Each structure stands twice: as structure tokens, then as C-alpha cells.
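Note that the chains take the letters A, B, C and D in the order they are written out, and that residue 1 is the start of every chain.
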Amino acid sequence: METLSYRHKAQERAAGSKSLAIIGVVASGNLEVLVERSLPDTECQVDINTAAEGFGAVWEAVIADFVERRSPGGLRLSVNDGGARPDTVALRLAQAVRLIEEEDR
Amino acid sequence: MTLDDMLASLFPEGHDVRNDNGVLLGSGPLRGGGRAVVIGIADRIAVGVDEAIRLSRHVLNAMERGGTGPILVLVDSDSQRMSKRDELLGLNEFLAHLAKCLIYADMQGCQTVGLLYGHSAAGAFLATALATRVLVALPGAEPEVMDLPSMSKVTKLSIDVLKEKAKSTPVFAPGLDNLAQTGAVLSTWDEKTSLAEQLQTLLGSDQDGGDRRDRLGKTRRGRPKAADIAERVHDLALQSK
Amino acid sequence: MKSWNAQKTTLAERLADGRRYASGKTIEVVDLPNFLEAVIRPADRVCLEGDNQKQADVLAAALADVDPAKIHDLHMVQSGVVLPEHLDVFEKGIARRLDYSYSGPQAARVARLLFGGKIELGAVHTYLELFARYFVDLTPNVALIAAVCADRDGNLYTGPNTEDTPTVVEATTFKSGIVVAQVAEIVDRLPRVDIPGDQVHFVVEAKKPFYVEPLFTRDPAAITEAQVLTAMLAIKGLYAPYGIRRLNHGIGFSTAAIELLLPTYGEKLGLKGSVCTHWALNPHPALIPAIESGWVEQIHSFGSEVGMDDYIRARSDIYFTGPDGSLRSNRAFCQVAGLYACDMFIGSTLQIDLLGNSSTVTTSRIAGFGGAPNMGSDARGRRHPSAPWLQAGKEADPDGPPPLRRGRKLVVQIGETFGDKNVPLFVEKLDALTLAEKLNLELAPLMIYADDVTHIVTEEGIANLLLCRDKDEREQAIRGVAGYTDVGRGRDGKMVRRLRERGVIRRPEDLGIDPLDADRSLLAARSIKDLVRWSGGLYAPPSKFRNW
Amino acid sequence: MNARKLEAPDLSRVANSKTVSWYEASARQRVRLMLDAGSFREFIGPEQREQSPHLRVFDLPTQFDDGIVVGRGRIAGTPIFVAAQEGRFMGGAFGEVHGAKLTGLLRAARDTKSVPVLILFDTGGVRLQEANAGELAIAEIMRALIEARMAGVKIVGLIGGRAGCYGGGGLIAGCCSALAVSEQGRIGVSGPEVIETNRGVEEFDSRDRALVWRTMGGKHRRLLGGAEAFVDDTIQSFRNIALSLIGSVPSFGLDVLKAEQARLEERLQRFGTCADAIDIWRAEDIFDAEAVPAISSLDFIDLANRDGEPRYDAR
């Protein structure tokens, strides 16, 4: 297992008021993302626990793009990864942000 | 210890326990008075629908007669019978039914005691020995939830690696000590002294019907989290509206 | 004096030798090895029929059972190296030389036997090439073929999986070769005659149907969100703007996703009737919802597909069927249709390099080509115009004079940037090249050549290679859709942005697609059972695809 | 059946319980869509990060909720406890934390003496990497479950996920007050691969999926009496049946156990020599037994009910 952590400045605070959301499942080629609104509005942190070791550079690129595209200010994202492909990771991160931005029904 | 020796030591005054192709049914007089109902599996046979239904019938018959004496469950079994026929006929229901009968009997005051004197595994273990209020073992008992070769196949780790890992945790490897640490087995009896006496002591000491196996597992450091998690969920659930 | 009919003389001798084991034209299965030893001569060219679908499995087992002391040094000329027996004949020394087209499950063993010198390789062909060479310089002396049933005269019903049989028989029998057919049973009256009896010399009653692999069945349950996204990109970014009506699909999950999105996403885009109406395609179960929703006018097929027979029979307006009602497939004709009469081929691959060459071989597996390169190549002999063909030609050569400008077939590679086990789709150097070096091959086994590929679609976007004006642009266009692979991360950001402004690269957002909307609920069927329902209960999937 | 009636799915991304397949949904989706909107409160949710302490020994990734969601909610206004297994995380298998969450929930239900429990099974049984803890968790769950039933609590199991309900999960299911299963749902002790590995492919070909389903699948379990109800594979159907089963099961006691003993003995007597599910269905006088696997869920529900209303007093 490998643990990675990335902290970025985000341009904007993520929309909505929900404090917590979770998406995905830990399975082969899949991952779960837990997102919590627990940081200052311009901060974003992603903590990763991954089964696939030695892909730090790819994670770094995926997360930099994610922060730039989605501006997840104020969010702490925690990832349990079962060896997902980078595009799946990017998709789940985006889904997690969309989920926490949705209003409660 | 052979089955006959064990029965003789449990019931020095004699008993009517019969071994019919591995299915044990009968009863025996207790040292402190009254009789214990006996069911069990012998000769390391697998427990399928045909075996389970006879064991549950014996328990229910005792209940119907209004019995209040303890029920002794003697176990030296294989796992559940792995066959097309047993699954086709709903083995899960037969095993669950047996467990239900034992748990029900126990809650109605017929203390259930499991005595693991040989092997047991998987579904057979759950439906018999683990469905009792207390489980004790004889030295040399070999409980085995999952055998290492199968585990090696699934985890793709060699048996040696698994054995090495087993040194640091009792949580997955077979064996009496590991099961005792996780709280499944209350104690191991001394086969050199009278089993009847040890049974009497056990019956006398264990009055509380609550399931304390997770607490035991925590104390013995075999299951660090189970008891606390169960208690937290329990409390949260009762507080919630 | 020179004999001008030596082949006929030899044929007569062989027939006489073979008849010792025959009653009429019929051979018993137990007599097969002796019979084969009687009619086959060392160093014969033998076609053991089999491709990526049907297999003359009983004859294959018998051939692998002959005495290598009597029969050896055979030259196998066949579409598929698929069954273990196909290679056992090499291991035992019964055969020595091989010209073929496709291996699949045996790809790794083919590689081992090649390295070990057990196989002397002629060439790996596409189906059409091999068929062509049957009539020029690889004509079989003996063809061992498979049919559903025969009558006493040797007339054959090859059934829905006719596939290669007419081609193989044509080349063999009319050049004085011997044709032996395995059939499940001998009947008094055939449903229809696919091969006339005077072209068939012997028949073996195998008492069981020949083996057919359900190769074209894709379980919708296994389609991922990323595949749904790439399918949406393809439909909106390629099918719609080019107006693709005549086409072929590969067998991957991405194209299955396209088929399943037509009645939902395609419908919403208003594309029904203007795309995907005419197909050169096997009877893909995944196309059932589109057919039932009225998208499809007609389909010609290379072979059939396990479980589709009743559905096809009930939809004869769509499929080619015989007077008996069952499908008539023909691999050679359908390959020709895919090459010349389709405006688009779209399929998946395992590796794409920076030029756009693609390959499905890895260093330890030689899977062959099958028919993909026939479909996935521009037909330089094509002369008839169509809107997509002309449009693609114009994009490739905007300044050329229209009356002299060739059109282009759209050859599209679709896939996710990372495949199975996170293996990248994009590479600097194809494994096919490494393999060619290792084996001293004159040609690297490329599936699709770079100059035939017009578009690459991944979850990151579409690269239109027709619009690239030089090698650099082409490389950056490919890098620009290569996602987080090493190739993708090695892109020149500025140049990729410029290519995107010019529409060479189109991202989901450029097409008005939000990747978060790519959901499996868009699929018209999400399970095999859904396909059965769409078919009104006519589709009967093989057991391994069921969960009921 | 008319294929043209099959509507293209709604393109809106708002999932709803009528169209979402139970089989495809995650544990969380099942819970969210089956309960009254907004009513669910989770106990020890993923943000608490109570993960398995044992998987790291095997260098395996953990999941924040250890593969089970437990909590409280309402269904048509009725308060219930709910536990849902995530079949895609380690096959929904029971580990120490996973199992303890369900144990705690059942003990709480016992103490309320009234609040029904829904168990959304999706499990291959004991989690191999923590086999002893998982096995014991199942034993504790069975004990807590029966204690709750004896206290008057109704416990309904719902089965229709990818992992089915195998191993100890099958035993727990057998302890519930009632079970509902969909066509995709499978219930058993030994899984197909386990039987094949131990007894050979001649005994059971695990890749013959038609065989697997007609031996262990939802339709067979309903016809055999192994499940009280058969439902269509939508979250809405499971919600409806859960509600109805909570209302129809009687209380638990010796009579129920005696009835179950009689029911199982009769089954052995009637079908004990049958070699295949189709023989059993034939022995049950089903007109076209071979056609059972192919018929639609709705037609099957009719057929099963014609064969006799399920009994609720013998489990």
C-alpha cells in the first residue's frame, strides 16, 4: 500500500452546503472518494491510500487537473483506491464534488 | 481422545448416545442431577441436509417434551457438505434451522454447551458448535474456518507467507489457539480429569445468557474492534429517533 | 509425353484409397485417422476449416491423431489457429509450414512454437488475402470442412455459420483437391443446399454440432462509464457530423456501447434514419435494441452468433436468409462489403503509436489479424462517392480539385487510454516492432497502418488525423487524447490547445457532453437479460452469459 | 411479451427507485432509494473511518465503511433499522468491523422489541483475510438475530445483488423472519466455485451459469420455499415487498420452529432424490418446468403464487 497526499490552492469555494458525500467502491479498478467540507475556502487536500504503488507522478497530474477544472475549495477528499485507472480516478473525483455541491433532497 | 472415551468421561454412569454414521443423538445423566440432551457430529463427516435435519429434530423433540436440561453439542466434523444436491435442497435453511433451534432452546433455559473434540469448519461450525452459548474444546481440537491451501489460492500468497503472517495475528489462520483468542472458545478442558466434573462446573458458572464472545475477543486481543463497534452501533441506534 | 491431367489422376487415386473406409461418401468417426492417412500425402497443403467462430473440431482432432511417420510436413493454409489440435499437428511433426490469418486463444502458443522452430511461418494474413491466395498460390490439396448436416449425396447445409466454407470448397474442389466435411448428422432432406454434393467427396457423421465460439457477444453489464462516454463522443462527434450510414463495428465493448446508445442517446440527437442504417456486421446481440427501435435497414454477416438464430429468422427483412429462413453468412463476401461498401470502420485495439499505427500483438502473443485490416483500411480501388467519403477526402486534402480528389474511408480507433490491468493504449514503440525484430520478420504485424487511420477516440476526446498537416501535428493530436499515459503526459500543451481551437482535437465539452452524464442508465440494455427482452424472447444466449 | 413496450431509459441523471436496478445499484443507492427520501441516518458512517484493521496485513486497500452501511430510516413512514452490504467490496464478505456493525444493530433492535430490521444481503460469506473474526461475527449475528426475533422484532432479508448471499450469509438469511429475492439473487452456503473446486467439475460446473441459477437462483428459492417472495429487479419492488413482509410475518417461537422442521422434512421427502432443479419443479406440478428460467418476472410471480401462497409461519 502507498499513501499519498496533495494540497492545492483552489480558486473558488465548492458550491453548496452539504458537509459530506461519498462515491464509488473499493474494488479492482475502482475507488471510493469521501469528500468533506472541512478546510478553509481556498484550500483543497487529497489524501490517497492506494494498492498500486509507484504511480505518484500520475496521481499528481490527475489531481492538479482536477483542482484546476473543478475548483474544489474547502474540500478534503480522501481516496481508497483499488488500483483504478487515472481516467476513472478523475471521473470519481469530479463525481464526488458534484455530489457535495448538490442540495439535499 | 476417542468419542467413546470422551462420552465415558462425560457420563460415567452411562448414556444412550448413539453414533449413526457420524450423527450423534442421545442423552446422558448429569453429575448434578437431571439429564443432558446430546447431539453432535462425529468421525469428521460433512454436515449436509440429511444430518442437520436429524439434529434439529432431536433438539425440538426435547423442547416439546418440556425439557429444561442442558443441551450438549459434540463436534468433530468436516465443513458443510459441498454438493449440488445439498445446495439444490437449500442447505442454508437446514443449517440455519439447526442453529435457530439451539439458540431458541438456550434462551428458553436449556443451556447449550458446545464441545469441540476434533475438527470443524465453515458452515458446519456455525450451525453446531458456534450456535451454543459457550463453546469449550478438548486439547488437540482443530477448528478451521478456512484452510490455508484454499486461502493461498485466493490470496495468491504461499502457505509459508500465510504462516508467517499468522504469527502476528490470530485473525485468519486455523487452530484452537487462534479461535480462542478471537473469543470463540471459552476454555480448553483438561482431558486427564473428569469431563463430567468440568461440565458441571461450567453449567454452574454460566448463568448469564448474553453473548460475550466479542468482549472475550477484545480481552484476549484477538478481535480488537468488534465489541466496541457493536456497542457503539447499539447505543447510536437506541439514541436515534 | 507430358501429362496435362496429373492432378485429376492423383485425385482419382486418393479417392480410391479413401473409399476403402467409406460407405458411399460416408466415413465413420472411428475410421477417421486411417482415412486421413489414406487421402492425405506428406507435404500436402491442407485447409483445416476454422476461423474466429466455427471450427471443424472433429476433423481437427482426427488430423492430430494421424501417424507422423506416414503424414508429415503438411503445409496448413487456414483462417484460424484456434483449437489446441491446430497446434498439436505442429508439435507432433504432422505439419511444418503455416499460413494463417487469426489465432486468438492460441496466440501465446503460436509464439512459443515459432520461437521453438516447430512452425515454419509463411505469413500472417488478413482473411481476404488468405482467401485470395487460395486461388493463386496457396490452393489446398485437401480441405477438411464443417457443416450442419448432409444428405447421402454429400450435399451440405452449412447453416447460419456458413462463413468460409464456400470459399474453401471453391478453391479446393475446382483445382482437383479433396473435400471432406464433418456434419452433425446425415439426413434425407436438407433445409437448403449451401454446397452442392458434387463438390464434396466424403462426409463424416460427427453426431454433434461443430464448435462455434460466441465471439461477438458482449455482456452489457460489463460496459463501463468510460466506455459509455467514448461511445457518446463517437456518436455525437463522428456519426452525426459525417452522417455515417454504411459501416462495420469491431467486437469491443466501446462499439457495443455505441450500439446500445443508438436507441437512447442517438434518438435524443435525432439521428435515427440518418446514421447506422446499413451494416457489414455479425449478428451482434447488442444491436438488437437498435434494430427493434427501427434504426437498421439491413445487415450482411461474416458468420452467425450463438443464440441469435431464432431472432434472425424472425427478422428476415434485416438479415440475409435462405429459403429455409435461417441466416446465410459468407465471410469472403462480407469482408469485401466491409472493404468497399462501408464508409466507416470503428474498432478497438491494444496499442497505438505516435504515428497512429496500431497493433493487437504483444511480445508473447501472435493473435493474427482476422478481418479488421480489410475493414480498417482505405479502399484505394473505390470509385463510388458518398457524403462521408467525400467529406473525409476533403478534410484530408482541402486544396485538391474536387473532381480529382479521392474520398477517404473513415477508419476509427476507439478505446480507453488505459486498458485491462491499467496497460496504456498509447506507446512510443509498438510491441509488434519488438516482436518483428525478435522473429526476424520482414513486416511488423500491424493491425491498422497509420496512413489508414482517420480518427482516434478516447474518453479524453476525438483526434481527427485527417486535419493534421504534418508529422508534428499528428503526434500532438494523438498525445492530446492519450490521457494520463506517458504519451499523453508528454504532450506539448500549447500545441494541443491550438489543435483544439482548430477542431483537430475535440473534448467532451467542445461537443456539449458532460463526462458526468456518461451513465450506464443511458444504455438501452444493461444486461443480457435486457437483450432477451428486447428480442421478444427470440434471442437465446449461451449459458455462460446468463444470470437466470 | 412485447419488446416495444420496453422504454428507453430516462436520460435525466436523477436516478429513481422505479428504474434503478437493484442488481446494479450500490449499497448506498439501495438504501437511499428504498427508504423515504431524506429519512436515512447512518451509524458510524464512512467519515468515522472505522476500517478493517486486518487488511493491511495482506497489503489490501480498505473501505471507509468496511463494506456495510447501517442506520435508521423510514419506509412509508414506518421507522426501521437497515443494514446494506456492498457486494463489490471484497465480495461483500463479513470481516470484523463489517460484522460487528450488523451485530450492534440487531442487538439494538432486540432492545427496542419492535423496530423492524431490513438486511440487504450482498455477500460471498466470511472474509478470507480475517476468517476467524468473520466467522465469529456471523455466529454473533445469528445469535443477536434470534434474540431480536424472540423479543418480537421482524427481520426481513432482501437478496438480489451481484455477490448473492453465500456462506455464513446464507445461514443468516435462513434465520430471518422472511426473505425476498429477485431473479438475479442467489442463496446458498457453498458457492459454485467452491463446489467445483472441492468436488470436481462433474459435480458442479461453475461456469454453466444456467445451472448455477437454477440451483441457487431466485426463482428456484421461491419455488422451493427458501424465500417467501420473488420480486422484479428494481429498488421500488424491493421497497414494496419489504413493507408487505414486515406486515405479514407472525411472531417467532417453538411453533414456528416446529413448522419449519416439518416444512424441511417434507422437502427432503418430496425432492430428496431429485437430481436437478427442473426435476423439483416438475415434481411441484409446474406445467412447463423447462421454461421457468426464461419467463419474465411478472409471469413468474403469477406462476409461483398459483403454485401456492408462500407460508410465513415456518422460518
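Points to keep in mind about this one:
Heads up, the rule we're going with is that a residue touches a chain if its C-beta (ideal position, glycine included) is under 8 Å from a C-beta of that chain, and two chains touch if they have at least 3 such contacts.
None of these values were measured; they are calculated from a predicted model.
The innermost chain, defined by the distance from its C-alpha mean to the mean of all protein C-alpha atoms, is D.
Comparing chain pairs B-D and A-D by the number of C-beta pairs in contact, the larger count belongs to B-D. Inter-chain spacing, taken between the CA centroids of chain B and chain D, is 25 Å.
Chain B and chain C, compared by their mean Cα positions, are separated by 59 Å. Chain A and chain D have CA centres that are 33 Å apart.
The centroid of the Cα atoms in chain C and the matching centroid in chain D are 42 Å apart.
In chain C, the residues that touch at least two other chains are 516. Counting only pairs that meet the touch rule, the chains in contact are A-C, A-D, B-D, C-D. Chain B meets chain D in the complex at residues 49-50, 53, 56-57, 60, 63-64, 80, 82-97, 99-101, 103-104, 107-108, 122-123, 125-127, 130-131, 145-146, 150-151, 153-155, 157, 165, 168-173, 178-179, 182-184, 211, 213-214, 217, 222-238, 240. Chain contact summary for the complex, chain A toward chain C: residues 29, 52, 57-58, 61-62, 83, 85-88, 90-91, 94-95, 98.
Contact residues of chain C toward chain A in the complex are 225-226, 416-418, 422, 459-460, 483-484, 489, 515-516. If you check the complex, the residues on chain D that touch chain C are 1-4, 6, 8-11, 13, 15, 19-21, 23-24, 183-184, 207-211, 213, 217, 219, 293-294, 296. Of all residues in chain A, only 1, 20, 22, 25-27, 30, 32, 34, 36, 49-51, 78, 80-82, 104-105 touch chain D in the complex they form.
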